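Take a look at the following structure, please.
Labels A, B, C, D and E are assigned to the chains in the order they are written; within every chain, residues are numbered from 1.
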Amino acid sequence: MSQRPDTAEAESLAPETLEGWYVLHDGYTLDWAKWRSMPGAERALLIDELAAWTATAGTVEQGQSACYQMLGQKSDLLWLHYRSSPAELGAVERGLRSCGVFDYLVPSFSYLSVIEASLYEATAIAHGMLARKGITPGKEGFDAAFEAELEVQRAALNQRVFRDIPAQNHICIYPMNKRRGEHVNWYDLSIDERRKLMRGHGKLGRKYVPAVTQVISGSVGLDDWEWMVDLHSDDPLLFKKLVYEMRFDPASSRYAEFGAFLVGLKLDDNALRQYLAL
Amino acid sequence: MSQRPDTAEAESLAPETLEGWYVLHDGYTLDWAKWRSMPGAERALLIDELAAWTATAGTVEQGQSACYQMLGQKSDLLWLHYRSSPAELGAVERGLRSCGVFDYLVPSFSYLSVIEASLYEATAIAHGMLARKGITPGKEGFDAAFEAELEVQRAALNQRVFRDIPAQNHICIYPMNKRRGEHVNWYDLSIDERRKLMRGHGKLGRKYVPAVTQVISGSVGLDDWEWMVDLHSDDPLLFKKLVYEMRFDPASSRYAEFGAFLVGLKLDDNALRQYLAL
Amino acid sequence: MSQRPDTAEAESLAPETLEGWYVLHDGYTLDWAKWRSMPGAERALLIDELAAWTATAGTVEQGQSACYQMLGQKSDLLWLHYRSSPAELGAVERGLRSCGVFDYLVPSFSYLSVIEASLYEATAIAHGMLARKGITPGKEGFDAAFEAELEVQRAALNQRVFRDIPAQNHICIYPMNKRRGEHVNWYDLSIDERRKLMRGHGKLGRKYVPAVTQVISGSVGLDDWEWMVDLHSDDPLLFKKLVYEMRFDPASSRYAEFGAFLVGLKLDDNALRQYLAL
Amino acid sequence: MSQRPDTAEAESLAPETLEGWYVLHDGYTLDWAKWRSMPGAERALLIDELAAWTATAGTVEQGQSACYQMLGQKSDLLWLHYRSSPAELGAVERGLRSCGVFDYLVPSFSYLSVIEASLYEATAIAHGMLARKGITPGKEGFDAAFEAELEVQRAALNQRVFRDIPAQNHICIYPMNKRRGEHVNWYDLSIDERRKLMRGHGKLGRKYVPAVTQVISGSVGLDDWEWMVDLHSDDPLLFKKLVYEMRFDPASSRYAEFGAFLVGLKLDDNALRQYLAL
Amino acid sequence: MSQRPDTAEAESLAPETLEGWYVLHDGYTLDWAKWRSMPGAERALLIDELAAWTATAGTVEQGQSACYQMLGQKSDLLWLHYRSSPAELGAVERGLRSCGVFDYLVPSFSYLSVIEASLYEATAIAHGMLARKGITPGKEGFDAAFEAELEVQRAALNQRVFRDIPAQNHICIYPMNKRRGEHVNWYDLSIDERRKLMRGHGKLGRKYVPAVTQVISGSVGLDDWEWMVDLHSDDPLLFKKLVYEMRFDPASSRYAEFGAFLVGLKLDDNALRQYLAL
C-alpha cells in the first residue's frame, strides 16, 4: 500500500469517512432449462460443490459471505461478500467461476463498494459529549479533549465498518446518489448544511434499530452510484416503512436519487440445496 | 416477526398506510419455435401440468393467483399472485420453475409490491363523518369519537387490502412515482397539500367504480417504482378514459411519473390451455 | 361491456375523444441465417402460409391488416392491424404465432393503441358553423343548434376513426407525449389554451392532405406513450417536411416529446413473397 | 410521387431545405467464432461474394456505397449507402441479406436520413451578393435580382446534396438534435436568431475545409434524431478538433444534443478482403 | 496527413490541447461454460497464444498494451492499448480477433480516445513563471518570453501525452462530460472562469501524485463522452478518496457528469495465464 496523501486541505469540503470491508454483491439467474436437462446425479454433485464453496466463502478469516434467493426476475441467487481488498473479491469471483454450477448461471447484477462510516456524525457526537461536560470550542483544553473523544468515536465506527453480515433473514439492497442538479445540488451545500441534514437522516434510521440493520457502503470511484444501501430485517414490511419514511426527510426528498431495489431471502446451506434441487 | 418500531414521530410527514397481500406480477414470453419443436403428446402433458399448477396457485388458503394473455410483444403470459409474505411469493416463483413449461418461458417482466391503502383518506372520511354529526376538532369527545370512527375506516380498509383478485376480464398495469423534481417535488409539500390533492384524485377514481376496479400496491423499498397500479375492467376503453382523465388532475399532471403500461386478457383454465395448444 | 361512468364532471379538464379501431403495430426481424438454412421447398410452404394469413387478416369483416418492409435494423417486417377490440388483436397475435414462419421471426417492436379523434376540433367547427349563421352562445336556440351541429361533426369523426388502412405506399410511425415538465406542462394549461394550440396544429396537418394521411391513435392506459402517429404517403420526403414544419408549431415545439421513428414500404402479396424468397 | 403541398405559409417559421440522396448507415458485428468455424474454402467464396456485392453497390447509376472498418465494439463493419429513394435503400438492405456472409453478421447500428442543405445560408449569401452590388431590399428590382441569385445558390446546393461519398480515409458519424428544453428551446427562437447562430456555426465548419468534409443529412420524420452528421478526413484528430471547437459555438453549446459517436477506417476492396480473411 | 486548418480564430473560446497516444479500452466477458467444455490441451494452446499476443502487443515500438482482471460482472478481462493512430488500434483489435480465445470472449465494453493535455494550465504556468521574473503582459519582451516559456511547458506536456502505461496494480476508469445544462453550462462560461475552475481541479489532482497516476484522454468526436479518465494506483481506496474529494470541487460538483466506473487488477503474464487456467 502506498502512503496516503495528506487530504487535510480539502477536509473543509469533503466529509472524512472511515472504510472497512470491501463488498461485492454478485447476482445470477439460473438457466433452469439447461439445469433440468442435466442427469440428476451430476446435478447433485454440482449442488454439493456449490454449497461447500458458499460455506467456505462464508467462513474466511478476513470477511464473510452469504447467499440469498432474490424475488422477481432480476436475479435468482445473489451472493454477498465482505473482504479486505478488491483483490480478494477478485479471487472470490474467480472462485465461483471454478464451480461447475457456473455453467448454469447467467450474470444479472453485481456491485462493488466498501463499507463506510461518515465522520459527519462522529464529529457531532464528540461535540455534544464535550458540551455536556461544559467543554466548548474556544475553551482551554477543548482541542485535546475533542481529539480524544473523536478517537473513541472512531474506534466504535471501526468496529462497525468491519462488522459481520447481519443475521436477519430478509435483505433489501439499492444504490443511491446525492443529487447534483442544476438547482438542487448536494455538493454545493456548505458542510454545515450537509451535516445538519445527515443528522436528521441518521436519527430516522436509528428509529428502526434493531429491527432493521443498515449497512452503508460507499462506491464513489468504484461503481456507478455513490452508495449502496443494504437493509437487513426479519420483517420485510419494514423495508417499505423505513424507505418511505425517509423519502419525506429533506436529505432524501430533495437530495437523494435511487436506483433499482432488490429484495431477497437469506438461504442457509439447507435452503440453498433445496432451492437448486429438482 | 420483529417488533415494529414506533413510527409516530414521523407521522406528521409520511402518511400512514395499511398493507395487505404481497403481490408478484410475473410475465413471460413463450419461445414458440422451441415449443413447436416438441412432440405434441409431451406438450399436452406440460399444458396439463401448468394448468393444474395455475389452478392450485389460484386457490391457496392465503392469497390468490390468476393468469393473463398480454397484448403486444412485452409479454405473452403474465401471472398475478397475491400472498401473505415475500417468502410465499418466493415459493410460488420457485414452483413455476418446477413446471416443465418453464423451459419454454423467457422472463420478460416482474414486479414486487404490497397492496396498500393510504390513511390520507380514512382520516378525511372520519373527519367528515364526525362533522356531519356536529363533532368538530376541539369539541369535547372529539378525540374518542375520531379514534372510533377511524377504527371503522381501518377495518373497511383492511378488507380492501386483503381482497380477492378482481373478476373482470381485462387488466391494465403500470408503475408510478410521485415526482421529486428540482422544482416540483411531492415530498416537499405539506401533508395538507398532499391530502387535498389525493382527495381530488380519489374522487376521480371513484367515478369509475364499479366499472373499473383499482388495486394500488406500494413498492417503495421493494421494487423500482413507488407504486404499482392494477386496473381491472370488462371494458378496456375505460383504461384509456380513466388514465387520461386523471392526467389532467393536478395530483397526476404535476406530480405523477409513469412507467410502462401493459394490457392483458384474463385466461381461465380453458383459455390458458387453448392459448398454449398448437 | 359494462356501462360507462358519466364523465361529464371532468370534461372541463380532459377533452372528449371519440375512439374507433384498436390498433396493433407488430414488427419483427427475420433470422436470415436460420431462414436460409431451411430446405427451399419447406420455405416455399411457409411463405404460402404467411401470405395467406396476411391476406386473410387483411380482409376480416371488422377491421383490416397490412404488411410493411421496414427500413434499417429496427425491424424487417411490420404488420399493422385495425380491429374492434383488444381481444381480437390478441387473437391476431396468436394467429401469427401459429404460422410456421414465426419460428424465424424475432420480435422487435409492438404498440397497442386505439384510433381516436379529439373533439377539441369538432366543438370549434360547430361553433364556427353556427357563428356564420349568426347563432352565437347565449342566443336563443343556440344550445339545440350546437348539439345538432356537434352530432354532424361526431358522425364525420366516427367514419374517420373506423377508417380503412390508407393505400399509400410508405408509412412513418412514431409515438409521442405531451410534455409534463416542471415548468412547461401541457396538462396544466387551460382547455382554451390547449384548444387554440391544437387548432393551429391541426391546420398545419391539413396543409398536407391528401398527400399525407395522418392516423392518430391514443394509447394512454394502453401502452408507454400517449399517442401513436401513423403517416401514410406516396412521397416519403413529405414525412420529413411535415414533421419538421410541425416542430416549429408551438403545440410541438414546446409541448411535444417524440419516441423512435420507423419508416417502411407497403408490401402487397407479391412483394411480401419476393421479400422472403431466397 | 404525389404533388407537394404548398408550404409557403409556414416558411416564416421552418427554414426551407433542399434534399438530395437518401442515406443508410448500416453497421454489423461479425460473429467471429462462427466465421472461424467454417471451412476456409467456403469462407473464401463468401468473401468474394461480399466484395463483389460491395463493389457493385458502390457503382450504381444513382448513388454510391462504401464500406468501413469501425473502431471499438460498437460495430465491426459499416456500409454507407447513398440512393435516390427509401425504396432503393430497402433493395440494398435486402441485397446484403442475400449474401452468404449475412449469416455471420449481427446487426449493430443503422440510420436512415436524407442529405440536406439548409437555405438559411443561401438566402444570406444572396442578400450579401446583392448588397455588394448596391441592390438592397426595398430598392426597385431587388425582388427579381434576389430570386435570380437564390436560384444560383440553389443550383450550387443541389450539386452538394447529390454529391459522391468523400474519398477521405477516416469517417466519424454522430446524430444530433437541436435542444427543445423547457427553458432553452431552439424551436422557439425567431428565424433571425436561428439564422445568425447557424451562420457562425457554418463559418466554423468552413475553417476545416477541405481537410474535413462534412455531410449533413436530415432525419426528422425518418429516424430517431433530427440530423446525422458524417465527417470525412484523412486526419482523424481533426474530428476531435472540429467537434470540440464547435462545442463552444453558441449554436452547439446551448442548442445541440449529441448521440453516440462512431469512428472508422475506409476499406477498399483489398482491405475488406484482408479484414475478413483468417 | 492533411494540413491542419488554422484554428487561431477560435482559440479565444476553445482551449488549446495537445494530443499523444490514441487509446483503446477493450473489455470482454469470458464464456466460462464454453471455455470449460473445451479439452484442456486445446485450452492450454489458446492460453499460450493469448499470453504471447498480449506480451507482443505490450512491447510494440510505438505505444504499449496491458491486461486487467476487472471486478464485478461488467467485464472479466480488459485490454488497454496506447497506439499512435486509430488505424493501429484497428490493427490491434483485428489482431485479438485472430486469437483462438476470441471465440470465447463476449464484447462488453470499449472506448476510443486520445491522451490529451490541456494548455489551460501551461498558459497559466508560463504567465506565473514570467511574473515571478517581473515580466508582465504589456511589458517589452513579454511576447517573446511568453512564447519561449510556453514552448518549455509544451515540451513537458508532450512527454506526458506520449507516456507509458502506469505500472501501478489497480486501475479505475470512467468517462465524463462537462455539463451543458439549460442553466449550468460549462461551454457558456468565459475562458477565464473555466481556467480558474480547472486550476483548482488540477491542484486537487496533484495532491494525490504519485500515489495515484491520472491519465486523461479526450474523446470528443471519437466516442460517446468528452473524456475518459484512467486512474492507476497501488491503493484502490484512493480511487474513492480522490473522486469523492473532487466531487466537492466546483469544477466537478457543478459541471461534471460521470458515466460507469470500472475497477480492475493489473495482470502480468503469469496472472493472466492463471486467471484462464481451469
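In this section, contacts are C-beta pairs under 8 Å (C-beta built on N, C-alpha and C of every residue); 3 or more make two chains touch, one makes a residue touch a chain.
Fair warning: this is a prediction, and the values are worked out from it, not measured in the lab.
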Enumerate, in label order, the chains that touch chain C and chain D alike. none
Overlaying chain B on chain D by their Cα positions calls for a rotation, in degrees to the nearest 5, of 145
What whole-Å value do you get for the distance between chain A and chain B if each is reduced to the mean of its CA atoms? 30
Distance from the mean Cα position of chain C to that of chain A, given in whole angstrom: 48
Using the touch definition from the top, which residues of chain C touch two or more other chains? 182-183
Considering only which chains touch which, label the overall pattern as line, ring, star, complete or other. ring
Would you mind writing out the residues of chain D in touch with chain E in their complex? 29-30, 32-33, 36-37, 69, 71-74, 170, 172, 174, 179, 181-184, 204, 207-211, 231, 233-245, 247-250, 252-254, 260-261, 263, 265, 275, 278
In the complex with chain B, residue positions of chain C that touch it: 1-7, 9-10, 13-14, 17, 19, 24, 26, 85-87, 89-90, 93-94, 97-98, 102-104, 107-112, 114, 180, 182-183, 185, 187-188, 218-224
